[in-house]
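Down below are the structures I want you to see.
Shared between the two complexes below is chain A, which pairs with chain B and chain C, respectively.
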Partner chain A sequence: MSEADPTTIGSTAPGHYGSASTALFLREATIATAWNVHGDAGSASLRAEVQRIARLVLPMAANTTSKGEGVTALWLGPQSWLLVAADAAALGDFAGARDAVNAAGGALFDVSASRIAYAVDGAPAAAIMAAGCPLDFHPRHFGAGQCRQSLYGRVPALFYRHREPPDCTMLVARSFAHDVWRSLCTAAAPCGYTVRAAAPFG
Partner chain B sequence: MTQSHRLAAGGIVDRSRTLDFSFDGAAYQGHPGDMLASALLANGVHLVGRSFKYHRPRGIVTAGADEPNALVQLARGARTEPNTRATQQELYQGLAAASQNRWPSLRFDVGALNDVLSPLFPAGFYYKTFMWPPGPRWWLKYEHAIRRAAGLGHAPRNPDPDHYQHRHAHCDVLVIGGGPAGLAAAQSAARCGARVILCDENAAFGGSVRGAADAIDGAPPASWIAACVDQLAANGDVTLLPRTTAFGYYDQNLVGLIERVADHLPEPPPFTPRQRLWHVRAGIVVLASGALERGIAYAGNDLPGTMLAGAAQAYVSRYGVKPGTRAVIFANNDSAYGAALQLHNAGVTVAAIADARPQAALFGDHPQRARADGIPILPGSAIVRAHGRLRVAGVDLVSLGGGAARRIDCDLVCVSGGWNPAVHLYSQSRGKLRYDDALATFLPDVAPQAIVAAGAANGKFDLGAILSDGHAAGFVAAARAGFAAPARHAAPAADAVSTGPLLPLWSVPARRGAKCFVDWQNDVTVADVALAAREGYRSVEHLKRYTTLGMGTDQGKTGNIVGLALLAAELGVAIPRVGTTTFRPPYTPVTLGTLAGHEAGADLEPTRHSAMHDWHVEHGARMLNAGLWKRPHSYPRPGESEDDAANREAKNVRNRVGLVDVSTLGKIELQGRDVAEFLNRVYINRWDTLAVGRCRYGVMLRDDGMVFDDGTTSRLSATHYLMTTTTLNAVNVMQHLEYLLQVEWPELDVFATSVTEQWAAAALSGPMARKVLATVVSIDVSNAAFPFLAVGDCELAAGKARIPARLFRMSYSGELAYEIHVPVTHGRAMWEAVMAAGEPFGIMAYGTEAMSTLRIEKGHVVVGPEADGRTTADDLGMGKLVSSAKSCIGKPLLARPALTSPDRWQLVGLTAIDGMIPRGGKLVADPGQAAPIPMLGHVSSWCWSPNLDASIGLALLERGRARHGETLWAVSPLADARVRVRVGPPCFIDPEGERLRV
Partner chain C sequence: MLLIPCPWCGSRNQVEFTYGGDATLKRPPPDAPVEAWYEFVYLRDNPCGPHDELWLHSAGCRRWLKVRRDTRTHDILASARPDQALPGGEP
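What follows is the complex of A and B.
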């Protein structure tokens, strides 16, 4: 772990970087499956279909999430949710699920590879988030289990409090991954950070 | 080097450690806790600069952000910074500073000739003197000379070696200023449970009471400050930001702070930004920014050794420095007596206190104490003139009641004309100010945003009043942010001090020609203000621009109120009627690097990489920007030019096979029962006839009928479609579709989502494409099984792995071609598998340049060059695509006469008869005819075609389709080029499309 060159800010190799402190941990949170559900939130048939497929109840309140067995549903909009699973087995066959959701009046898009997730854990996490994002990451305003959409730097990002603050997971479009990772590392370098091996999302 | 003027004790400096520094090459010493200014004064250095216009010798006037004179150049190599306020620059080991605007030296400055010639340089002289001869040519010469003669420091010339950070922050209460009022406010707001940010421009909190002798809650201020700061620091919901200036106040209580993270160090430690820009969104702001002292204008009031009284007091109490040995105090209020007592106690001889007020007004506690200490007080008198050259040597005192002047020798003059609350941020917040006659200054009044002023910023000048005002403001702010106050909590207390009234006094009349300065930094005198008034500049805003009053880097913090009071007197109106100039950010100058943050150089904007990006780079691709994307232009081999590489790649596609990364194309998936109907409405052609497993080319129009975007849409299942868009319009098309679905046609059962990021895509093109593909995919790709415009899912073998892939038989190059889409995470594996499979067939990767050549050879239009927002589908030769069986967006307006005119510019192909078609060429019939030569059209795309061995292009040409076979000229006056071109159809290769259907 300690063999990484601490001056190579932006490397994804596990190790310690930046200043000597070790209160901050960065890692990729791996996603096996991510499906984008669209549809009328009021439709009982759609909700039932999603419950059958993902074994969870879609969150109806803005910026909230819900959890099933190995699947997390994040609210993206009044008609849009993101189902995320770290294990491919948790959500099963896409085409069948899509046809079923289509039949229930909704839509299901496979976006499994679209986003990359980074978990930012440790006491300075909120400050690292605040280096690039104008959202309020105070626990009173953004608690565990909630999600928000905003920017990190100039890149659109989805933030998810996967557990109690200050820890936070950030999802960004994969084409921006190298840029966002470097921004995170640059923001974290003054306080020092440890890159950990990738681990499952959630 | 001894610190000749350092007191043995007192202040917040650490005498146990010594710091070496230099000023204009001379070596000095100071202590941690010193500012550069206090360290210079400790060494007896008062002369620190030359003034902007007259090059007059100038000394340190203030002890803070208001400093107009002591601006120095910090020499730090590439980190050099001009106009650094010596009063705010913390001393560090090895600091090297230099004075500005002087040559050859600070003591002997040739530019001081300006002072002698000053009758030539009245206010606005450059508007008057340099208007002849007329015309800009001469003015530009004058301006050059004027700029060399006047000015401040030098901007750095080398790239900035530091980095800067931005930080967003939210709080319930933002307290600006960590003096007694700010600390008390932060404390009471934090007690209520509010989230508090407390910022102060100094390294240590405490403001005016740092090092002071007063008592707070019966203890020295230092222990109260320490207890307060400890308590706040222990609260997880309090953020303390020392060395941080609130410089700008914006809408919705957004306040900009600059944190000087490393300016107090020789250079930033590793990984540490030099400065940090905080974007603070505050529920409510407590403005505890204190007050700034103002001077009184008299002849020679700018001689080094002249200081504001509060500054002199601060140098003694805060830094343990004697700013002189024999002082004269000139005041119109009680505060200067505090300075007099402090100087007296420090062993400075206070030769006299010239107080403009009558004896009857001198009943306050401090005047009485001064009298008891035996300091001579001269009521009803004023300084009329100061003597000295590089340092004040004496002053002439007169009685305001009349009589002869009397000279008193001194090396220090301390002036106090009263105090101006630092209302800059209050005013920036659009808060209104009111004029207070008793204090003769402007105070905060009402504000549309959530801001309350406290302490001296609110016109409270007695320490006890300051503390209780801050304490109350903290509770008020917390309550307005929704936090209830605890049952009972007393304000910190200080002894009450009885104070006499202030007598407004702005200037002392001087003999003609003597300079009485109002604005030290920009050399604006009382006479300049009078001249401006005489010449009709009656508005304070005009006065400012005509005389440059308040336009220096100090923004007139010491001189503005004096200047507008003098203008009011000249105009014979009350001061509030003249009003203040508009306060604008920044409060103190802000380094541009901090505003840029990380967004500089290669990080100016974010970049997008495809899954194959690293492969391209590893294989020598020259990358170029396409929007935010990085795309390979070409893959030059060692010794090969980019153009030669692109030609080789384009030829290889026609002859063998090539692979190009098209991941950047916009991809939008659509699902629902009504997708076909939706597509019918957004595309010009028909979509209800598209079968599952087939794709089709489509063109979208804007409402006005002009081409908006083009691409393909594939039907993946009965209810599931995939649309591709151009790279640059990916977001625009998505927004367009979302708008239509949410606003125009919410009744349609269609859902759309962008899947651009989901799929890595590559186009495999060339006569060998099928052979290559057949070796890696799991399905039959023969022409019968997978004909032109077929779509299907398959598996692609990448080594032992089987990658899920989607295959499209479509062609942009005009050759037999397939697009292969795989999830982004498999992009590189797919690319490498296809490249490996193609090796026996001579496959080459090709970049955007070859791709462009291939499409020009085929006459395919591109959004931008051909679909330039002024062209219809018919102009581009695609009129037949517009379905007559249905309507679509833009179609109704296609019937406008102007859009059906035969004279429209239409797409044609050009072949150069001799030479190369010039970039951006214009098409004319005869370049030799007399100007103006009618322009018949323009070249929209051009390239060297390695497959035709010709310079070819696409053009938009008036009645173009009727001109096939004509010879015209492509001319470029910019490139001085004229080339004969033959007009023909836009498609140069395989117009029947046989190659792509094989």
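What follows is the complex of A and C.
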């Protein structure tokens, strides 16, 4: 790992920043495709159509996720889900999928460019998330496979734990991502953090 | 700080929510006299005690919900989906 300038808190260049401790890691989790599914959770035809397109079962329980081959479905609300894939091939052609979901009474939106994901890992991760977010990140309340929509600072954010805590990934609107990254780095600097190279989501 | 129980997401911090006003108002029929519309649009009670309110879980599931809040203590007494009654009916 290269030695980064410790004064440039907020830089996205891989390297170590802040205090000397090396327990905390930040990186971007790259997203190729993100589709927003809207529709009636009680509709068997909608669920079947999404299962055909994304090869996963939509999570019906609040704050939960499900996984298929290269695709993660995150519960956003009782009629809304986010399908995320790090590789565009995992979800395929949008127009065909949209028409199929429309025919099943739902709606599908291509929001691939709308969010950036940041992965925070290491023992102090929960404290760094809690510095800007009112959610309880204790594993008892927010375990692996769960997601929550909330805020980081004043920015709406979607939090997702695809592995056991302390690891956590947060998705924020691209237009706010620079500010959120700076906030994360500022919160992390007192304990020291390492920026890793971007890696695929999930 | 208030903890508001979202009927879908569970207990969440107040900062995730947006206040949406009195939940007990009933929209008058379209041909109601102008006085009824004036009252519906502009006039509000200022109750002391339990009050049924609309809140939007704006930073969460983006759903509207009903919340019964005690205006004296800020105690959150109950919450429900918009299409469901709060326990005990209207205060």
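Couple of notes before you dig in:
By definition in this document, the second predicted complex is superposed on the first by the 202 of 202 C-alpha atoms of A that agree within 3 Å, B and C clash if a C-alpha of one lies under 4 Å from a C-alpha of the other, contacts with A are read in each partner's own complex, and residues count from 1 in each chain.
FYI, contacts are C-beta pairs under 8 Å (C-beta built on N, C-alpha and C of every residue); 3 or more make two chains touch, one makes a residue touch a chain.
If you're wondering where the values come from, they're calculated on a predicted model, not measured in any experiment.
Residue contacts after overlaying the shared chain place A:Ala113 against chain B, while chain C stays out of touching range.
Applying the stated contact rule after C-alpha superposition, one finds that A:Pro134 touches each of chain B and chain C.
By the touch criterion defined above, A:Ala187 reaches chain B but does not reach chain C. Contact with chain B, but none with chain C, is seen for A:Asn102 once the two complexes are overlaid on the shared chain. Once chain A of one complex is fitted onto chain A of the other, the partner contacts of A:Thr30 are absent, as it touches neither chain B nor chain C.
Which of chain B and chain C touches more residues of chain A: that partner is B. Within the superposed three-chain model, A:Asn63 lies in touch with chain C and out of touch with chain B [touch as defined at top].
In the superposition on chain A, A:Pro78 makes contact with chain C only, while chain B stays out of contact range.
Legend: residue contacts after superposition of the two complexes on their common chain; A:Arg148 is shown touching chain C, with no touch to chain B. On chain A, the surface patch touched by chain B in one complex and by chain C in the other comprises residues 80, 134-135.
For chain A in complex with chain C, the residues that touch the partner chain are 62-63, 76-78, 80, 134-135, 148-151, 156.
Against chain A, in their complex, chain C makes its touches with residues 8-10, 12-13, 15-16, 59-63. For chain A in complex with chain B, the residues that touch the partner chain are 7, 9, 18-19, 36, 38-39, 79-80, 95, 98-99, 102, 105-115, 127, 130-136, 138, 140-141, 153-155, 173-180, 183, 186-187, 189-190, 192. Residues 163, 165-170, 195, 270-273, 279, 281, 598-599, 605-611, 629, 669, 671-673, 717, 719-720, 749, 751, 753, 755-759, 823-826 of chain B are the ones that touch chain A when the two sit in their complex.
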